[in-house]
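Consider the two complexes below, in which chain A is the common component and chain B and chain C are the respective partners.
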Partner chain A sequence: MLELFLGVLTAMGGFVEIGELTFAINAGSKFGYGLLWVAGVGTIGIIVYGEMAGRVAAVRGQPVFNLIRERVGFDAGLVTLMAAVAVNVLTCAAEIGAIALVWQLFVDWPYRAWVAVAFVFLVLAVWVLPFQWIERVFGLGGLLLVVFLVIAVMEAPDLGEVGAAFMPHVPALESTQEYLLYAYYTVALLSSIMLPYEVYFYSSGAVEDRWKPTDVRRNRLIVVLGFVLGSLLCVALIIVGSQFFGPRHVEPQLPGVVATSAAAHFGVAGLLIAIGGMFFAFAGAAIETALSAAYGIAQFFGWPWGRFRPPREASRFTIAWLAVFALATAVILTGVDPVSVVEYSIVFSVVILPLTYLPLLLVAGDRRVMGEYANGPIARALGWLYMGIVTVAALAAIPLLILTHGGQG
Partner chain B sequence: MSAARARSRSADIDRSIHLVRDVVDHEIVDAHQLPCGSVDDVELELDPPHGLRPVALLIGPGAWQRRLPSWLAAFARWLAGSAETRVPWSEIAYVGERVALRRTAEELGLGSIDRRLGRWIARIPGG
Partner chain C sequence: MAVGLSIVGALGFATFVAATGNPRSTLYITLGELRSRAAESLEIARGSAASRLTPNFVRAQTAQLAPRIASLRDALADAETHDGGADARTARPLSERLLALTQQLGERAETPSAATPIERELSAIVERLVPLARSARPG
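Right, the complex of A and B next:
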């Protein structure tokens, strides 16, 4: 029971990362409640595929990249692996940049110095902490972001209007460019909620925690409750964007600006809670992306992997996650704008979603290998529906990125 | 997954093994259930009355590079070398969700890079 409770809370606290924070707040600031339905659609999608990934890991003991290679073959699998590693490095870089920006709010050291400190901190955290601690420390710390839920309520949104906005719709906008920007935000917000690393990490984590077929029900509860609660944070960020930043004509790009909404309501304490929550959420995501890349490589080539093994017994896996942290840090140290790294990581993530989800859908639906735990009619119908949705989003993502000049309109 | 269960389950459903579906690109574990590679290729032998017969599992960069387009294979060779280990078919204990071997990775010459790097990592505190 306690395990379940902690599982739900860590899933909730680990839901938000820098890309989602940025896109949710700006979605609210630019389009009011016009994109709330995307949060709903994305949440159901990540629940559907998160549940499948956890179930396959529990029943077959196999994480996602084992399945990708088995089902789509070596060539297509290798392409997926390279794309996934590239996207994970980019996402990890975005999180490291965001951590440095957050720390800079407290002590005015040069940005690059904080980037280096973040690198050392993350490496030590993964090296020292057992897997369950990594999940819990950062997942539970990320719950500080609940402060945005409180702010969203205090901003007194019209609940009828909020409820109605969950029906998929396209608001009336002024120009074609505005519609393109709306489409870009739709794809980006969907991507930020359904980021592929979440599925890689969740399924590998289930193997790390040695789930058995009897854990299938626990998996379902954690995914449904944890992700619904987590998406409440995303909804809260959209509402705060709409109620607080929209009227002030602010499009917050930096985490510190987002935190000013907490300062406006709760003063210094609010600011500290918001920034603390961001730090844990970003650090958790940085660790999850680095481990996800290493999980993927090790699983694809059949190397021993996992934090349940001491580093010396999974040496190539260990070197892989260290290398991802190093590479991500190097990307940020070049001085590239962390906000654009966030944008690119989100847009390229959606491109690899269909390749990640298809093998999962095929295996989870295969009665020969899953037996009684194969997809039922609901999982099958939703699975194929979302396969269609992410494929459309994947095809539209890069053209929209170009047409909107990277979301600038 | 215990050895016994995987065997009984695959026996319930289907006694024969489909080489491409059940063996190629599946994870390999040794006698201690330690992952030691994926089945990157399979060596076949012509056995006239029965057609082709599998004689060995081929594991390592050298084996999977043959499956890539030549430009990518050249890059992979530069990155990962082209070592390749051959494990005779008779070393397979059973084919389930994974291909399980009868002996340890060390005895079969698998995972040697991991062991070599592991000795370095073991010197770091906490490694």
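Right, the complex of A and C next:
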């Protein structure tokens, strides 16, 4: 029971990262409650595929990239792997940059010095902490972001309007450009909630934790409760964007600006809680993206992998995650804006979603492979529905990125 | 394999277009961003004046904002010779003042009372930028 409780809390605390924080707050600031329905749609999507990934890992002991190579073949699998690793490096770079920005708010060292410290910190954290502790320390620390849930309630939103906004709709906007920007935010917010690395990490984690078919029920509870509670944070950020930042004409790009909403309600204590929550959330996401990339590479090429193995026994896996951290740090040390990096990584993530999720859907629905644990009619229907949704989003993502000048307007 | 390479190529092309397309040459985007940065500085000034923010936070946050404002100021200087030059000419002095006030806010972070006059001036800048950014929007 305690394991389940901690699993739910870590899933909740690990739900938000810099991309989701930026897109959710800005979505609220720009469009009010107009994108709340996307949070609902995205949450059901990540539940559907997260549950399948955990179930397949528990029943077959196979993580996602193993399935991708098995189902779509070496060539298409390799392209998916390359794109996934590229997106993971970009996301990891953005998280490292965001960690440096957050630490600067506590101690006024140069940004690049904090980037270097963040690199050392993350490498040490992964090297020293056992897998479960990595999940728990950063997942539970990320729960400090619940302060935004409290702020959302204190901002007294119209609950009728909030409830109605969960019905998929397109609000009346002033111009074609605004509609394009709304479409861009729809795709980006959906992508930030359904980020593929979450599924890679979750399924690999299930294998690391040596889940068995008896864990299928536990998997379902963790995924449903953890992701629903996590998405409450996303909803809260949209509401804070709409109620607090929108009327003040602020479209925040920096984590510190987002934290001013907590300071406005709770003073210095609120500020410190918000910044602390952001640090744990960003650090957790940086670790998850680096490990996800290493998991993907090792699983695809059949190398020994896993944090449960000593580095000597999984040397190529260890080198892979160290290389991802090093590459991501090098990217952010060039001086590129972490917020711009995260915008590109989020949009490019949606492009690889269909290639990531299709093999999972095929295996989870295959009775010869999964036996009694194969997808039932609801999982099958939702799986194909979301395959359609992410395919449309993947096709629209790049044209929208260009038409909205990189999501700026 | 060909489909996969097309996807990777499309991603590279999009990055190239988005990165080299200089979106800041689109004046309405620059003005919208400037309005937001001004409003962010104003929030920091408010928080500092009310002692809701730590001095280090104020120093670091204004230091993070300043180069972003400077970049917008430079974009406005470029835009003065193009379409919408009148709006750019109106906004550029505001961006210069905004930059100076944001830097002052950081320099005087230890003294919350110093933030009050800065807050008033920032508020006036935001009030001028809101209609300017709105009228520049297409459609």
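Following the convention adopted for this analysis, the second predicted complex is superposed on the first by the 409 of 409 C-alpha atoms of A that agree within 3 Å, B and C clash if a C-alpha of one lies under 4 Å from a C-alpha of the other, contacts with A are read in each partner's own complex, and residues count from 1 in each chain.
Note that in this section a residue touches a chain if its C-beta (ideal position, glycine included) is under 8 Å from a C-beta of that chain, and two chains touch if they have at least 3 such contacts.
Treat the numbers as computed from the prediction; the structure is a model and nothing was measured.
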Putting chain B and chain C on the same copy of chain A, do they fit or clash? fit
On the A-aligned overlay, A:L140 touches which partner chain: chain B = first, chain C = second, or both, or neither? neither
State whether A:D75 touches chain B only (first), chain C only (second), both chains, or neither. both
Just to be sure I read the superposition right, which of the two partners does A:A396 touch: chain B = first, chain C = second, or both, or neither? neither
Taking the superposition on A as described, I'd like to know which of chain B and chain C A:L149 touches: first, second, both or neither. neither
Is A:E313 contacted by the first partner chain B, the second partner chain C, both or neither? first
On the A-aligned overlay, A:A326 touches which partner chain: chain B = first, chain C = second, or both, or neither? neither
Looking at A:A83 after the superposition, I want to know if it touches chain B, chain C, both of them or none. Which is it: first, second, both, neither? second
One more residue to check, A:V369. First (chain B), second (chain C), both or neither? first
Overlay on chain A, chain C to chain B nearest C-alpha distance, Å: 8
Can you list the residues of chain A that touch chain B in one structure and chain C in the other? 75, 78
In the complex formed with chain C, which residues of chain A make contact? 75-76, 78-80, 82-83, 86, 101, 104-108, 174-178, 248-254, 256-257, 260, 263-264, 267-268, 271, 344, 348, 351-352, 398, 401-402, 405-406, 408-409
Applying the document's contact rule, which stretches of chain C touch chain A when the two form their complex? 1, 3-5, 7-8, 10-11, 14-15, 17-19, 21, 23, 26, 28-29, 32-33, 35-36, 39-40, 42-44, 46-47, 51-54, 56-57, 59-61, 63-65, 68, 126, 130, 137-139
Can you tell me which positions in chain A touch chain B when the two form their complex? 60-62, 66, 69-70, 73-75, 77-78, 127-128, 298-305, 310-316, 318-319, 368-369, 371
The chain B residues in contact with chain A across the complex are 1, 9, 13-14, 25-28, 34-38, 40, 59, 64, 67-68, 97, 111, 113-115, 117-122, 124, 126-127
